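Below, chain A partners chain B and then partners chain C, in two separate complexes.
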Partner chain A sequence: MTEEDESAFDEFLAARSTALLRTAILVCGASQHDAEDLVQGALEKVYRHWPRIRNDNPQAYARRVVINAAITVSRRRKVIQEITFARPPDTAVPAFDVGLRDALFAELRRLPTRMRAVLVLRYWEDLSENETATLMGCSVGTVKSQAARGLARIRERMSSFEGASA
Partner chain B sequence: MNAEEALKEAMSAQVADVQATPALGGAVRRRHRGRILRFRTAGAALVMVAIAGAVPAYLAVTSGSDPTAAPATREAAATVRSGIAVPDVVGMDAKAARRTLEAAGLVSQYKMGPRSDTTPANIVVSQDPAAGAEAEPGTEVAITLPAARPEREPQEAINQELPPDLGDLGEEGGHRFAGVDFVYLPEGLKWTHWFVRNTFGKTSDSTMWNDSGKNTDAYGIQVIVYSGDAVDKISERMTGYGKQGAEPIDIRGKEAYLVSVGEAVGELANDENTPPGEGSTRTLIWVVNPDLAIELMMSPDYAKRIDGDAELKKVAEALRPAE
Partner chain C sequence: MPRLEDELRLAMREETAALFSAPDLTDRIVRRARRRHTRRTWTVAVAAVMAVVAVVVPAVFLNGRGQEIAGRQTTFEGLTVTYVPEGVTADGTAALGYDGIQRRWTGGGDRWMQVEAVRGSEAKSLDDLEKVSWPVGTRLTEVRTTRIGDLEGRAGRVESAKDSVSRGRVAMWLIRPGFGVRVHVGEGLAGELERIAEGVLPQAPPSARGDSVDGIGVTHLPPGAERLDDGTDVGMGRGWVSTSARWRTGAGEILVTVLRGPGGAEASESFLGLVARPPWQVGDRMRAVVGRERRELLIAEIGLTVRVTVPSKLGDELDGIIAGLRLPTIRPSGKPVVPDEALCGTPPAPRSGRALSGLRAVPGVPIGYTPEGLTMGETFTDLESLTRTDLKVYGYAWHNGLDATEPGFRRVSVGVVCGVESAEKLRALVDGAEPAVLGGRPAITWLSELSGGGPYVMWLAGGGAAIFVGGGPDDAGRPGTLRRVAESIT
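Right, the complex of A and B next:
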């Protein structure tokens, strides 16, 4: 790595790391602390290949690494949770004062990991169906159906929330 | 609102406060070095086994028939060397400290310390182990940098709820804004759901009230709450008012100025700077404590309808820094 590579990497971090961190938090539903660890690991990969990828859309590469890591972490956590909660946890009815935003985010966290990743990429990162498919390594059709099913769940939650607070 | 928008908003709200730390670059590089170190150590161990196993193997390595073996031998030598004196890196900037430690065969680990008013965020304030201590090669030396001061970006918010750290105006019975409890306001004034941060100097917050409670209408009373460095600026401005001939008044034991000001900051309204027909603004300004100054302004239109000066004084006498 040349001095110039190093400073270009620093610039890349300054410009992109907050967005990557936010995406990681949304995809794996983790705390900022856990997500930071994940993003650091992903960025180490970026750093390792930096001289090769820096001129070839490093942002897309970094995003893919982060998403994959987030999906892996999220699945692992789910397994742990399922083991811990061998008995299903009490699903308390949310209090009325819980905001719609919180309710929707909670619903987002309950979605299957890859479905959640599709929603984050499509509606938070504003990627196209094509870009999302490339990044997730699946077909455009899968992106469409996952997004539609995820949105349907969100919509359902919205209407039940509106019904409850009316 | 459709589901896509609602979802996007929920996601935005969830991560709005998330910021990557400036220490991230250091953490990534540290991980990278940690990884490299593991590889090299493993490689070195293999060569050592070869040396122990058979002399011809050792000769083969040094004869240069295998170009990859030579660096590994050097690493092998490095792993058996020990007792590096830790260099002194306190006072260096973070990059120089990293290079110095690396050159000595040590690994730097950035740590974030408390915020400092005197030391910039990229200067090492302490290290562990201390300078001169003996350490094995590859030992992590923790170097502490002061946390960066939070950026204070100007921000305007319209028709939003106050963030909890800024107060509770708009809630039932809420009267707190920017660390000040506005216990009294003239009857009928409503909060307008408008506020700006860091617009009147780097550390200031401002909001307003009027009859309608709508921020599309003119203000009745506007307040600017100054803290930190901005307080000094207010002291200077008050001294200036005194020099221009204004007489101080007393607000709960503090010197204050109740003056008419025009457009120009720091100048009392006079015939020159305030064209006839354009009202000047009655302004009450004082320093409450070394970290808090307040500027209350009443719009000329509103002042015509009430006893403006008396109301400004009542607001000022009643307000209290929040506990």
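Right, the complex of A and C next:
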């Protein structure tokens, strides 16, 4: 790798690493420590291919690597949790002082991994339906339906939460 | 009325506002990517060399098992160490190692050895096991594949990254995925590494009557309890592995989960089912009612946590089941632990009592009180207030998630400084520090302008180590927090 490559990689990381970390933690729901490990591992992959990708939308490549890693981690966590509990975990009762946004975020984390990833990419990363579909490797129709179902589930649960606490 | 999409966007923004990537991220990525490249090159080169050498010289680790020495066996963390060279004696009890739980033996100078049991995803494969969390400035070189008895393993040399001075030899292998062993010896025992490694065996199952889960005997169960045929489930996480078994009774199922590894105590908080972060004493037993179940969490020993869940109708049985657990006994040697200068950072052994363990603990510093309202934050290896920069520092911090510049920011740090042997050295460590006494030990206190403005207290812990506790600016008004943390250690 040339010095110019190295310096471009530094600049790329300075500009994008925090956003990638935040995206990863939103998608996989891991602790910050685990999310940092995940992002570091994903960015090592970006670094190894950097000379080839640096002039070809590295941001999209890095985002795809991070999202894929986050989805994998999220699934593993779910499997581990299921195994450990040997039955579905109890649903936590929201505390009285939990704010609306905390509750909203908790509902986001309860969604299936890919559905959550679609919502994160659409409403956190502000990607278009087309961009989201390309990144997720699925059709635009799937993105639309996953986003609509995800929002509907959250809306439904939030209304029952509000109804219960009213 | 605000749209759900907008609220969701704001919720995500709020949730991640305090997250920033580490400043040294680029360095770490570049270093690790290059190291992996080097390792691949080495593996290929070593394999080629070994193919030639094997024709002429027997491979290093192809001999039989080491001789078992009666009366000198040590069992810990599911391992039995059957061979310890003459003149080398146990040094302290089990303590947190690089990634797992370790025991250490010393015989003077560079005749030392340590055996580390690594659990969870760090021991998922040999490649994972090879990624050792070495102390700063230490690295593994000359890695080669080898055999430990019948098992495939890796061996290599540990050296200082700065000047390539040897830090000993290491051998590592997997007993099964999720359970690995690393044996690290000083140069004085390099010739014995093979024999020591082959003498480390998985612990035999308990002889107690009744059932067992991952080496923990379950001797008391209600009459008629029947172990379910689908047997034992195993799960793996970072720093821990869990093994669960279930029994069917007329009143519902009983579940016993054994979490092993330094991360187990941390992981088990959520496994208890208490998601809303209630105030609870870490390092102690805790009982909870979750739905129609009763659960008890027992942090039995450093690196070993057991959770028992019974249906509500069997709540009265919980005490009996807990009392009937047969846990491994680790006998303290009674010998004071002296941090090894070659490794500098080998922690003092925990004092009696249960230690907070895992990702929320300074290795070897038994913290019995977690600052309320704070969660585990970063680790650090220097303390800016110190006048000397040549001393090794290992510290952990808790914080409340706010940025240091925001009002309400709170931070509490705990750590150990190696190489502080006397009260005189302690007093000279920080400019302007006030001498004090804590729990009968020489101590100093100071206010740090560099680390958030909070008060600090540091005291001599023995064995060349000094322990410190520090607070952020908002904790200046809460001296009780620091005092409780310090008291839980002293």
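In the analysis below, the second predicted complex is superposed on the first by the 158 of 166 C-alpha atoms of A that agree within 3 Å, B and C clash if a C-alpha of one lies under 4 Å from a C-alpha of the other, contacts with A are read in each partner's own complex, and residues count from 1 in each chain.
Just so it is clear, a residue touches a chain if its C-beta (ideal position, glycine included) is under 8 Å from a C-beta of that chain, and two chains touch if they have at least 3 such contacts.
What you see is a predicted model; the values in this text were computed from it and never measured.
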Joint occupancy of chain A by chain B and chain C, clash or fit: clash
Touched partner set for A:Ser145, first chain B, second chain C, both or neither: neither
First, second, both or neither for A:Asp34, with chain B first and chain C second: second
First, second, both or neither for A:Thr72, with chain B first and chain C second: neither
Of chain B and chain C, the chain that contacts the larger number of chain A residues: C
First, second, both or neither for A:Asn57, with chain B first and chain C second: neither
Chain B versus chain C as contact partner of A:Asn130, first or second or both or neither: neither
Stretch of chain C, among 117-125, 135-143 or 243-251, that runs into chain B once the two complexes are superposed: 135-143
Chain A positions touched by chain B in one structure and by chain C in the second: 9-10, 13, 17-18, 20-22, 25-26, 32, 36, 39-40, 43-44, 47-48, 100-102, 104-105, 108, 119-120, 123-124, 151, 154-155, 158
Chain C contact footprint on chain A (complex, rising order): 6, 9-10, 13-14, 17-18, 20-22, 25-26, 32-37, 39-40, 43-44, 47-48, 77, 79-81, 83-86, 89-90, 92-93, 95, 100-102, 104-105, 108, 119-120, 123-124, 151, 154-155, 158
Sites on chain A touched by chain B in the complex: 9-10, 13, 17-18, 20-22, 25-26, 32, 36, 39-41, 43-44, 46-48, 100-102, 104-105, 108, 119-120, 123-124, 151, 154-155, 158
In the complex, chain B residues that touch chain A: 3-4, 6-15, 18-21, 24-25, 27-29, 31-32, 35
Residues on chain C engaged by chain A in the complex (per definition of touch): 4-5, 7-16, 19-22, 25-26, 28-30, 32-33, 36, 233-238, 242, 244, 246, 255, 257, 271, 273, 275-276, 290-291, 293, 359
